[in-house]
């Protein structure tokens, strides 16, 4: 399995049968290819569909059928279309079980920054602030370090926040970290990765359980 | 994903002192099987949230007649002498809420909002003890979200994903309350196979539905 | 024409082609029988229908088809069913052209009281407060005096208000009054009614235009 | 009751400096005929309210590329380099609004509400200069209603009463904005005879619709 697939599979392992899930653009969507057998989840896309199906075959795209990333989609049996106010009532009202998002930065308090780099890039928060505020469980899925090798998991985010203290799990190519009141707990290492490698790639303090030492 | 249960099983989940939002308008669209089961369960000291107090023998009137309601947020009592008598005797606490405000306050809870600003009730007794907020030079009352532990609602059909459609004016408060219960229990005429309800026509997505009871009365 | 029909006809004369109308329980509903030819109006009932049709024939009642007064209705072609939040978005949002309500009291400032008599009768405001707050034009239609002959059109309402300063027209069995910044303007007298009779039956000061003197 | 007009007639009603809510999400469900007509009319200094800034050559991106937009309330700019360039050059004022908050603020205006309380944005730059209100022990931001002079929206079909239905995910912000324009102008694929749309399936009642344009592109 390549890196993306490994992360996707690890995300999907968090899903429970019957869950309603919202996946952010990019890496998080990799999870749909790895949903365990016997686990049925319903995907929401915040532009207004519950029950998003797989990408259509080439030539089968419907111009009015996209997900929140702008990609063409299909609808599964039992799907529903609705307006954006209802869509965010689902999200903000706490009816999404799991949301998975990418991050520019995440910190040991569970703070997330993923919508702007002042002076450089201001794509806007889109639906991310509502998702992170409202979902029952917020998972960050990303490469452990940025393209230049700098840590993205920090003591304190210094980019503008998406939401404060809402992230509960961080899944990267190197490891899985749980956000606890005491700080970031190293839950799992990816195959072939050492504790020291994770420590070196992370600015935040890590809590290393005995069994991983 | 919802679980199918009986009305009695639904009623057994609702403990004394629960806050229960109940659908219907003058008992049209009221979940009568669920209400009957709560009557049979003799649950006490309920707080109910409902558009109107219905009649003594229909809708939530049956709970009032059976003295199971301690307090209510409601917009209209005019059709139910019993609730007025209990109110006058100090046996039931009534907060009268303008109907549109009541719907927005319930909707707000379901949508994760803390409340809304409305002009309705300004200059009336409704504004007593409420905060007045000025936006763009106009005054509004701050009306907080109304939380509920359970929503008991009535729909026409559900599919196997819990998606709901309603029947005519029996829709009324039901889709709003469906979204607002911490636990939402729906009484339906029938459960149809998934695919039978058109994705464009579904009013309430199944994500809001926890339990479904097929009507028993 | 009897008294009720006269009031109903006078209400209906206020309707313009294309208007969306909400009629309160009782006397206001009499207007539907007198809508002028060439004037098409759409009736809203706040429980969740736009396009209310006439009462069904006996035996044709549908248990799920009522208006806000609890009476059985039909739906006209083009009717729409919706939930109560959308219904009050129509009302509060200013999309109802005319609402017509009964009153316990109305005063020369356009204040209306029609939902409770403390210690006596507390039916509740139902949708009335939203209707009076949101509708473009608020008409009060009622008997000019109460059952004991006491004035209902006052200098100041002393019952709890439904809304402040929202009434623009008062239609009674005796006359039509317009609420103006200067006070109540006597616009029309019913057939056979004298100015003095209106003055005697009204507590509020009236502005009497020359042509009626 | 609505009036049927052309896209050019619609555009002619929209004066410089108007506040215009425009439907669509990444241009899916955007009223392209109406937008093209506004581009042709060269209307200036518009304030637009839209979920996302679409692409340079689709949706509201065309208005931005033609330098007709002075300011915008929007949740996402990531797909449109031109609007980011104009923002960085100080030529366009952008208020970034979380998408759910944007929808509630637009909905509030249409529903006659002054605003809503939302937890979204707490602890972020979104809360700057906003009032924080505590309800039931929880903090919320007070988010005021967003007024608009015109709503330009896209629906699939209208009937002769102006009732609207939408197509799949092209629904998105359109029903919300339809309710929120002081003047609402709808672009549809077709107008069908009254009676063809089921009263249970209509999403937007005709009461919100002022003008209808049958799509021209």
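General remarks:
Each chain gets a letter, A, B, C and D, in the order it is written, and its residues are counted from 1.
The rule we apply is simple: contacts are C-beta pairs under 8 Å (C-beta built on N, C-alpha and C of every residue); 3 or more make two chains touch, one makes a residue touch a chain.
Just so you know, these numbers come straight off a predicted model, no measurement behind them.
Shared contact partners of chain C and chain D, listed by label, are B.
Distance from the centre of chain A peaks at C, each centre being the average of the chain's Cα atoms. Ranking A-B and A-D by contacting C-beta pairs places A-D first. Distance between chain centres (mean CA atoms), chain B to chain D: 32 Å.
For this pair, chain A with chain B, the centres built from the Cα atoms lie 35 Å apart. Separating the centre of chain A from that of chain C, both taken as means of CA atoms, is a distance of 55 Å. Averaging C-alpha coordinates per chain places the centre of chain A 29 Å away from that of chain D.
Along chain A, residues 49, 75, 81-82, 85, 88, 91-92, 133-134 each make contact with two or more other chains. Shared interface positions of chain D, defined as residues touching 2 or more other chains, are 104, 107, 111-113, 118-119, 166-168, 199-200. Here the touching chains pair up as A-B, A-D, B-C, B-D, C-D. Listed in rising order, the residues of chain B touching chain A in the complex are 1, 107, 109-113, 159-161, 163, 179, 194-195, 199-200, 202, 205-208. Partner chain B is touched in their complex by these residues of chain C: 45-49, 62-68, 70, 73, 75, 81-85, 87-88, 91-92, 122-130, 133-134, 160-165. Taken together, the chain C residues at the contact with chain D in this complex read 17-18, 20, 40, 42, 44, 50-51, 75, 77-82, 85-86, 88-96, 133-134.
Across the interface of their complex, chain A is touched by residues 25-26, 28-29, 51-52, 74-79, 84, 87, 94, 96, 98-101, 103-104, 107, 118-126, 166-176, 203 of chain D.
The touching residues of chain B, when paired with chain D in their complex, are 104, 108, 111-119, 131, 133, 135-136, 138, 140, 142, 144-145, 147, 165-168, 198-201.
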